[in-house]
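Order of writing sets the labels: A, B and C. Residues in every chain begin at 1.
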């Protein structure tokens, strides 16, 4: 291959790449770089910005609300990820059991995922509200008279957010697990049956190991998604009571757009960014391990 | 087959009971939303007996349809999601093809830069992105909603994975026939990857359709809002009742539910492929 | 040949994509069209207000051949954030509603412009407005807003429930003894004499409501939010504590049941005897047949009569190329609405022009005249550029206090510390 044709191949390749790279550069690479620059400035919309070095980072680390929001997000990740994996797998097994109406079951469990977070939140707020909410009214009729404050008690508010999140998104995980389950060769089970293995044993020694790949993928996707938590607490509790259910993304929004401290908000974004990138590396470890 | 000969074993019955009870519980919020939206204003909607007995009315729907621009918001959501989906497929398939089948300077570097973006959530970019949109004069426009969604490394990744699996013999054969790269892309890779593209398309569409945070920031005016942002805005005006907000919820969900019912096989397959492949 | 086609394809794709994105409707709006001046008008209205304003605007449009106003309502929580971003991205509306309490914040952030000249050429006569409302809109000797109304926290009472508890006088007004004790006893009596499940008091326990109620009673005790220079918090004192503990006592005694998510809904459903909310609920409550209620000022529980309040104003947001013509048209519009605000009063608000309050139209409206005097007793929050931030801090802490997890002393001292940090 001579120089000229090599040049030609390069030009051709970049022509294929150009449209995507243009958009990617402008809306992925550039914002990430710009975000770092903003985080070094004291700046609010429509105002002049001043360079402040790493002052935003140090003020962020001194801000107890930042730690609270970060902690809230981490807590949500740690609790919601296993919950969504476990429930997702359980439902997938149920749907995969070959009951009549499998398509209906699968669709019903998946249905909430296609609804918008705004709809989800407003329905759950009305279901969970005290005194007149559907859930509390139901509990009253079955003789449970105490009023439960699902969204006003910090711990219960987290439980409610978790329940709503599971209800909303678990269908997605279910679909991933279903696909994984259907890829397990029938012969595996038949062989085990001949050996007289119990259902539990079949699950432990065939199903679970075969799902390893899907499992890792789902765990990583779910972790990243849980870090992005915003809509559920913002729309269901407003981050309350007080700030006890405020997630990091909501705090970034409030710092940046309401308090107009774009610099501090950017430095918090960088923390979120660093965390998600860390998980990206973990994910690639998984991908490499799979091959 | 085997079980049909015998009576249904108890474990099977338990499974049925479990499955259908759970599905019923699962559907309660949606059912409740639909029924509440049919009750006249001021009626009690938490007593099951009252819920399941008349009177019912369509007034709430009438009210929402005359007082809220539901169709306009639905159109906005649809337009933004559709354009994002189509353009994403075009851009990412071109890029994936180059990364999969062409040799060029800086290939590894570019590939890794794209892969690294896979895990950057929009949520971590909102502040600079917002400033960029202001600089470009695009705040409060469809472009501001569409453009950030196009930087979709996931699409490149999925399609490249698929293209990598296409046998080289096909490419060589076409080469011998004198086809150029574009021709090979167009007449071999695109047709072969139809299902991957559909999967990517469905995934992109759902993500865009339900996107909340970015449209919430980038849109200032009601008439430009997408459904997820417009619905809470509309509902915030009705502080003393819940029938109207629920009717709005139902109307906002209707297109998605209908599409889901008709295309559920494809949608579920799409998600599977995006996740697994 | 192939090179060319690859290139053409790339160009074609890029241009489709640019066209797809460029097909936006122009949201700046306001171009002159068939000789009319088009104005975009933003509002943060809820709870029935929006509908009344919509009617007024369409009435204005049909009566005025030269000006066409397009109304856009936004969610109250995000309204001022959106206002700021729209000004920054030069997409600001031509005229907008703002609150008196936000005015100095808007002015100091350069988001609104003076309307001194435009008001002159539009023929606004400032002496037709209530003097105290107009005074609050003057910054550095220049007018920045056309006042529309005063609104305040008031008390709604369910007449049926009160009648059954024998708490109405001959004229159908609630009988409430003076002072803190009197008010508590009033609620106790409701509790004793009403069917179980009735809420003596239903006010929303989150959001703005606890702050507004605290401010009402704190003002009745003569308290101030900040020191005179506006440089430090001045609410962590005996009066602040007394007002906050008063709220807490009602919750503790189960007169104001804990953690109410939506007090208005309970009152509408006739489950609550008393509801405390802004005047804007009047319009929404009236729509409920079978709900017999009265609307009265919040009783004087402490030393002097006062209640939380604010007013709606018309402001002109800053645009890069502000046309005088549009500015003038905006003021003409604002003044027209203020003149015709007796129908705005249907939403519950008290008009800014005394002539409108005295008009037959207003006097004939039920309920409104019962609380028209609040205009004189309203206690505005201080006009400081940091008020939103301060209010957010207070809301956060008071909402937490309402859940019963924090003591009133800690609530105030935590809030004080954060407010002082903000003012630094």
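Methods note: a residue touches a chain if its C-beta (ideal position, glycine included) is under 8 Å from a C-beta of that chain, and two chains touch if they have at least 3 such contacts.
Computed from a predicted model, the values in this text were never measured in an experiment.
K.L.:
What's the farthest chain from chain B if centres are computed as the mean of the Cα atoms?
P.N.:
When every chain centre is compared against chain B, the largest gap points to C.
K.L.:
Looking only at C-beta pairs in contact, point me to the busier pair out of A-B and A-C.
P.N.:
More C-beta contacts join the chains of A-B.
K.L.:
Using mean CA coordinates as chain centres, what's the chain A-chain C distance in Å?
P.N.:
Here the centre of chain C sits 36 Å away from the centre of chain A.
K.L.:
Taking the mean of the C-alpha atoms as each chain's centre, how many Å separate chain A from chain B?
P.N.:
Going by mean C-alpha positions, chain A sits 15 Å from chain B.
K.L.:
For chain C, give me the residues that contact two or more of the other chains.
P.N.:
In chain C, 6, 10, 13, 17, 85, 88, 262, 265, 269 touch at least two other chains.
K.L.:
Please list all residues of chain A that touch 2 or more other chains.
P.N.:
Expected reply: 12, 16, 19, 45, 132-133, 257.
K.L.:
Using the touch definition from the top, which residues of chain B touch two or more other chains?
P.N.:
90-91, 94, 130, 134, 147, 150, 181, 217, 232, 242
K.L.:
Over in the complex, which chain A residues touch chain B? Could you list them?
P.N.:
9-10, 12-14, 16-17, 19-21, 23-24, 26-32, 34-35, 38, 45, 91, 94-95, 97, 99, 103-119, 121-124, 126-127, 132-134, 136-138, 141, 167, 172, 175-176, 178-180, 199, 214, 217-218, 221, 224, 227-228, 230-231, 235, 249, 252-253, 256-257, 262, 265-266, 269-270, 272-273, 276-277, 279-280, 283-284
K.L.:
Across the complex, what residues on chain B touch chain A?
P.N.:
Residues 11, 15-16, 18-20, 22-23, 26-27, 29-30, 32-33, 36, 45-48, 90-92, 94-95, 97-99, 102-105, 107, 110, 113-121, 123-132, 134, 147-148, 150-151, 153, 156, 181, 185, 206, 209-210, 212-213, 217, 227-229, 231-232, 235, 242, 245-246, 249, 252-253, 256-257, 259-261, 264, 267-268, 271-272, 275-276 of chain B touch chain A in their complex.
K.L.:
Please give the residue numbers of chain B that touch chain C in the complex, ascending.
P.N.:
Those residues of chain B that touch chain C are 41-42, 44, 67, 83, 86-87, 90-91, 94, 130, 133-134, 137, 139-143, 146-147, 150, 180-183, 216-217, 220-224, 232-233, 236-242.
K.L.:
Of all residues in chain A, which touch chain C in the complex?
P.N.:
Those residues of chain A that touch chain C are 8, 11-12, 15-16, 18-19, 22, 45-46, 125, 129-133, 147, 149, 151-154, 238, 240-244, 257-260.
K.L.:
Would you tell me which residues of chain C are touching chain A in their complex?
P.N.:
The touching residues are 3, 6-7, 10, 13-14, 17, 81, 84-85, 87-88, 109-111, 199, 205-207, 257-262, 265-266, 269, 271, 388-389, 392, 396-397, 399-400, 402-403, 405.
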